[in-house]
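Two complexes come next, and they have one chain in common, chain A, joined by chain B in the first and chain C in the second.
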Partner chain A sequence: MERISSHQFVVLGSAVLMGTTFLPIASIVTEVAGRDGWMSVLPGFVVGIPYGLMVISLLEQYPRKNLLQISDIILGKWISKIIGVVYIFIMCYFGGLLLGQAGDIYQSSIMPLTPIGMFYLGGILLVFYLVKSGIEVFARFSEILFPLIIIALVLNIGLSIPRIEHGELLPILSEGIRPIIWAWLKVAPFAMEYILFLAGILTFLPTSKRELVQLKRGVWRTVFLVGFLNMLVVLIQILIFGPGETVRMVYGLLVLGKMVEISRTVAGVESVFLGAWLGALIIKAGAFFFTVTWGLETVFNLKGLKWNLGVGVIFMGIAFKFTRGPDLVMEIGLVDNYLILPFAAVWILTLWGISRWKGAGIS
Partner chain B sequence: MKTERGKGHKFILRLTIIACLLFLTGCWGKKEVEDLAPLLGVGFDQGEQPGTFLVTEQFARPKKDSSSGAEIEDRTFSVEASSVREAFEKFSEVAYRTPFMGSLKVIIIGEDFAKSGDFNNILDFFQRYAEFRRSMYLVLAKGKAQDILNLKLRSGLLPAMAIKSNIEGGDEISVFPTVRLGHYLTILGTKSTAPIFPVVESVKSREGVEYKEDGKDEAGEIRIHGAGVMHGDYLADYLTDEEAKGYMWLENDVIHRLINTVDLNENSVKFGGQVLKANTKYRVKVNNDKMEIQYQIKTSIAIDEILGPQKQLSGLEWVELVKQAEKDFAKVIEKECESSIKKERELGLDFLGIGRHIEQKNSAYWKTIKDQWEAEIADFPISLEVKVTIHHSGMSSSSASNSGGEGQE
Partner chain C sequence: MGSWMKMIKELTIRPKGERQIRKSPAYSFDEDLKKPLSGQTVKEILSKSSDVVFREFFLQGKDRIPCMLAAVDGLVDKNLLDQFILTPLMVDLARHPELTQVTLSNVVDKTLQSLLPGLEIKKISKMREAVDAILSGDSVIFFGNLTEAIVVGARGWANRGVAEPITESIVKGPREGFSETLRINTSLLRRKIKHPSLRIISLKLGDMTNTDLVITYIEKIASPDIVSEVLKRLSKIKMDAMLGNGYIEEMIEDNPYSPFPQISFTERPDVLAGKLLEGKVGIIVDGTPIVLVVPAILTQFLNVNEDYYQRAMVAILSRFVRYVGAFMAIVAPSVYIAVTTFHQEIIPTDLLMSISAGRQGVPFPALLEALTMTVVLEILQEAGLRLPKPIGQTIGIVGALIIGEAAVTAGLVSPLMVIIIGLTAVASYAVPTFDLSLAVRLIRFPLMILAGVLGFFGVTVGLYVILIHLLGLRSFGVPYTSPIAPLRIRALLQDTFVRAPWWALKRRPQLMDVEDPRPNGKG
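The block that comes next holds the complex of A and B.
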């Protein structure tokens, strides 16, 4: 049985939680909370902490089992099967949409003439190879790539500072706290995507007491690191574009990358940033691919190359279904808000609550 | 079992490598750099047909006999079209190279076109199409944008590049605003602030400067002078040089400035100097039960030139003279700011962004006045406080004068 270390858990978790959240997040929160949108980002991600800790505590109670197997024990065979099917459906559908997003981002920003299928194919081949190599290789891949993603992000933010428009962040809280709460709800699904990945990866995590403490600490670190970085991303976009423009832009950070200029000589570095962020997309799509394969194995006992190929074909099919960019962006938002958020929020809370209740009853 | 797994890995690895070799050797539809025509400037003028506009595009063509390889020649076209894409289609029929938009430096809006409106529709292409960068500059043209782009400048520079260089060197004199596409779109988003653009104009000899003409009655120089204020899509009015300078102070856009007190009548001694540092802050406060905005301008100036005193100054006189200079420079700055504020009130357009300042400092109050803000501009209380500090008076304490020695009366 493959295992990943607690350090790898933090890095892989951060890479999955980060994914490409930094591309649409500014537009999403600013649309709801205006120039105060940045304040909702960190609290939105922090939702992931209690849920992450619930998942780890379930792992503590049921070592070496993923949440679908734990559901089987706690909720019974048929309910767990239904949950498993929903889980597989959501992860597969969202994974396909993420693959589609790779095509959308590249075609709309730097390679408009390349057939969109080439991005899907390139992406799925990488994802497929990672899945075939196993979770350890996937974790190591993230360990190498995640720092590069962060560096690209920090450089993009840092080099954009000269473009800041004076006073765009003011006034603060002019519309009160309510819009921030609404925007917070829009961020929470990002955290839940990570939680659903955790639900599947549990079987590969260490379960000794000391390492469980490290895993819990890892959840805190992951959420705060990614939440803080995303907050900076939103802040810099509001500071440079103003709230009106930030809302209008589909992928604001790409526009920002195009504006980076060093000493009026070096420009056009957005392709370098995009190269690193392709890695983020691959990790995220890979994570969802992994969870689908784990789900299939747990619920239907289906595993092996041919089923993986099948999942890859479905991913490609979903991506091809959404070659129209605006449809894709809308669909990702819908799946996040109306499938991932309620499903993860209810499922994990129920499992944890029942396991606590049963535990208390036994004692 | 292990061998089988290893074979599977190898198969996938080979498949990946083959796919990479096939598909990732270059971008689809790639163009060699020599097949591209870098676009430097675009101008928009009113078209002759209704619903059309005249688009002038200035491309760079690398000079064949250039020693450095970096010299470029002019390749400028104009076409009438009803959309920017249509214009590019027409250019492509003529040009043998593919236009590359990522190098665009400046968009010039002709005077008639700016007055007729529809300007924001045109800009949509530039903010939407991925090749463009929001860091390009926007300027208004006195006259036609086409004429500006077709100028043969004495410097040998293409007009688009000359405008870019003038703007980028503008920090030294800070007399006109710098407007990039990104900044303009941000200002549009504020709704209460009227956008403003610097104005570019051609300069013939004896139009402010004199130079040796090449025989034809054509301008050989261009300059950026003053600014234009937009009302929505329309050019509402121009700001004079003094009004534009006032705008620069009030917007905290002065980096360095060359400034003089020659136009002040109160004092016989005139000063010229350079602004070393400037900072403008504003406060929104209640004064006599009315809300007002107070600007506080602090600046450091070095005196470079004194006209008038023809005698050797004592130490005390020198100190007094410097104090006088501080007062005089402050008066000049106040005058510039007041003329800008006066223009804002006359036009009823908030190009100074006062509404945004009020919103930033007192959003509750702003909500009560924002709907009638254009009417409020005319008499909204604005006060000014200018503080000038003279850092030094150059390399001498007194001006050179006849010492009254031999040969003197």
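The block that comes next holds the complex of A and C.
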């Protein structure tokens, strides 16, 4: 049985939570909260903390079991099967959309003449190879790539600072607090994607008392690190483009990458940044691929190469259904808001509540 | 003439069915080895080889005992043999009447206790032991028809002695290197680590070659799991010939299909000592100056022993240059292809104009141009490698200067491409380990093709595939990418990308589970 350390859990979790959230987040929150959108980012991610802690506490109670297996124990066979089917469907669908996003990003930014299918193929090959290599390799992949993604992000932000216009941020709270709360709701699904990944990875986590404390601390660190970085991304885009342009540009950070120029020599380095962003996407899509395979194994006892290949084909099929960028972005938003957020929020809260209630009853 | 014809006949005409038996060459030999020990049988087995000599004589004790000494001419020290074996038995015994109590029944014990002064001397009673000892260079004395014999160690053969290693030359540090003789190599190691916990375990491999090898490690530092895994894998090797370390390497490595080396090697006793002090295990094979060291991790192939003899700051700079060189050797041609084919926007305008002017008139796409030039480079490297040194240098000059210049003048390749390929070649020489530089040369080709088809996306996908492959590799249970992933922060900061000053190396770099992580582990 493969195992990952608590440090790897933190890094892998951060990489999954981060994913490519930094690409569309500025547009999403600014659309709802205008120039105050950046304020909603960190609170939106913080929603992940109580849910993450609930999942870890369930792990404490049911060691070496994922949330689907725990559902089986707590909610019974049939309800857990239905939950399992919904879980697999959501993860598979969203994973396919993320694969589509890889193609969309590359085609729309630097390689418009290359057939989009080539990007899907490259992406799914990487995801498949990662999944085949196992969760330990996946964790190590994140250990190497996550720092690179952070460096690329910080560089992208840092090199854009000369273009900042301070006036874009003012006046603060001109629309009141209500838009910020609505924007906060738009960010919360990002945290829930991470929570759904946690639901599957539980079987690979250490369960000793000391390590459980580290895992809980890890959830805090993950959420705050990713939330803070995303907040910076939103802030810089608003400061450079202004709220109007930020809403219009779905992948504003790519545009920032295009604008980077050092000493009139190095310019147009977005293709280099895209290498890091592709890594982030692969980690996120890989995480969803993993959860689908765990789900299939837990619910239907389906495992092995042919089922993995099947999942890969479905991912490709979903990606091919949304080859138009705007359709894809809209679909991702819909799945996030109307599937992932309610499903994760209700499922985990219910499981945790019942387990606590049962635990209290027993004691 | 008649004897020649007889020999040829014996070798060519065989009775029906013999072919089947000869499928396993050691078969009939094995049968002989199962017989009870006797000098006569040993003579029958080995007398067909002209280099095996049999010296028959009488030992004059209470009884007159017929004796026979068997040895391989060229593998024994004849002076030792004369002075310390034949003289005591044939001459001294006759001069000392008190020893005339020697009879056939006690001759073996008396010889061991009183007659032979040598250090390496022991009694044997099995046919295989006797034959193995003779063929390994020891001398065996048989007494009458007794089923016991005495092995005397009087080995001595021509060897090139301790010389400076060719593949690991350094500026500042010891000059001695391993040689082809196993015992010289173990003695060199023992001179470095004068501690009782240094373990040297002897083994033999190869049914026909009977090659001696030793496994060496430091008890309390090396993980017992790794030591037992090495022994387990070696014990599984079944082959006729074991002529060098390469045979073992492929048989015991974790992933034989990977282009990346998973076992490191060294020619230097100081390097081996250092590795053993890190908890690794060495495999020294007789007949080769190359010592295998396991487990191996990726970063150690980019670090050289010179780093430990230089000041820390200089070592850090050298390492940085090597890492950059390795990265350039992998990606330089593919980045050039991707940039010129897909991503011209990344090039500053002035440079773009210059590149464009250089490429004017070149009839090939960048991919084909780069592939051709890289293949030519590979041919030049391969041609120069095995030629005598002066000719090899000439080949390099002819290839690099004349062919390159001519190709540019003829308009077959652009000048920038020649620069890129030259840069790649120079960068690949910065990879200090030969095995790793081969892997770098190999993975360059698919990356170039990916760059030509999919630009930076292809290069990124290719690099990620290589990364995932590396992350999945293990060497004797240790992750190949350790200490970067899984992260071992102390090892990373002490001795990976940087080499901390000696005074800061408080504990051993923990790449694997070492038993005793005491200070200043490196030797």
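To be clear about the criterion, the second predicted complex is superposed on the first by the 363 of 363 C-alpha atoms of A that agree within 3 Å, B and C clash if a C-alpha of one lies under 4 Å from a C-alpha of the other, contacts with A are read in each partner's own complex, and residues count from 1 in each chain.
Definition applied: a contact is a pair of C-beta atoms (placed from the backbone, for glycine too) under 8 Å apart; a residue touches a chain by one contact, two chains touch by 3 or more.
Bear in mind the structure is a predicted one, so any value in this text is a computation, not a measurement.
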First, second, both or neither for A:86, with chain B first and chain C second: neither
Which of chain B and chain C A:110 touches, first, second, both or neither: both
First, second, both or neither for A:5, with chain B first and chain C second: second
Which of chain B and chain C A:255 touches, first, second, both or neither: first
First, second, both or neither for A:130, with chain B first and chain C second: second
Which of chain B and chain C A:167 touches, first, second, both or neither: first
Contacts of A:118 with chain B and chain C, given as first, second, both or neither: both
Set of chain A residues, in rising order, touched by both chain B and chain C: 110-111, 114, 118, 122, 125-126, 129, 133, 264, 267-268
Footprint of chain B on chain A - complex, ascending: 108-115, 118, 121-122, 125-126, 128-129, 132-133, 163, 165-168, 170-171, 174, 240-245, 255, 258-259, 261, 264, 267-268, 305
Of all residues in chain C, those that touch chain A in their complex: 342-343, 345-346, 348, 454-461, 463-465, 467-468, 471-472, 479, 481, 484-487
Chain C contact footprint on chain A (complex, rising order): 5, 7-8, 106, 110-111, 114, 118-119, 122, 125-126, 129-130, 133-134, 137, 139-141, 143-144, 264-269, 271-272, 274-275, 278-279, 282
Chain A-touching residues of chain B, taken from the complex the two chains share: 8-9, 12-13, 15-16, 19-20, 23-24, 27-29, 102, 130, 133-135, 168, 182-183, 185-186, 188-191, 252, 356-357, 359-364, 366-367
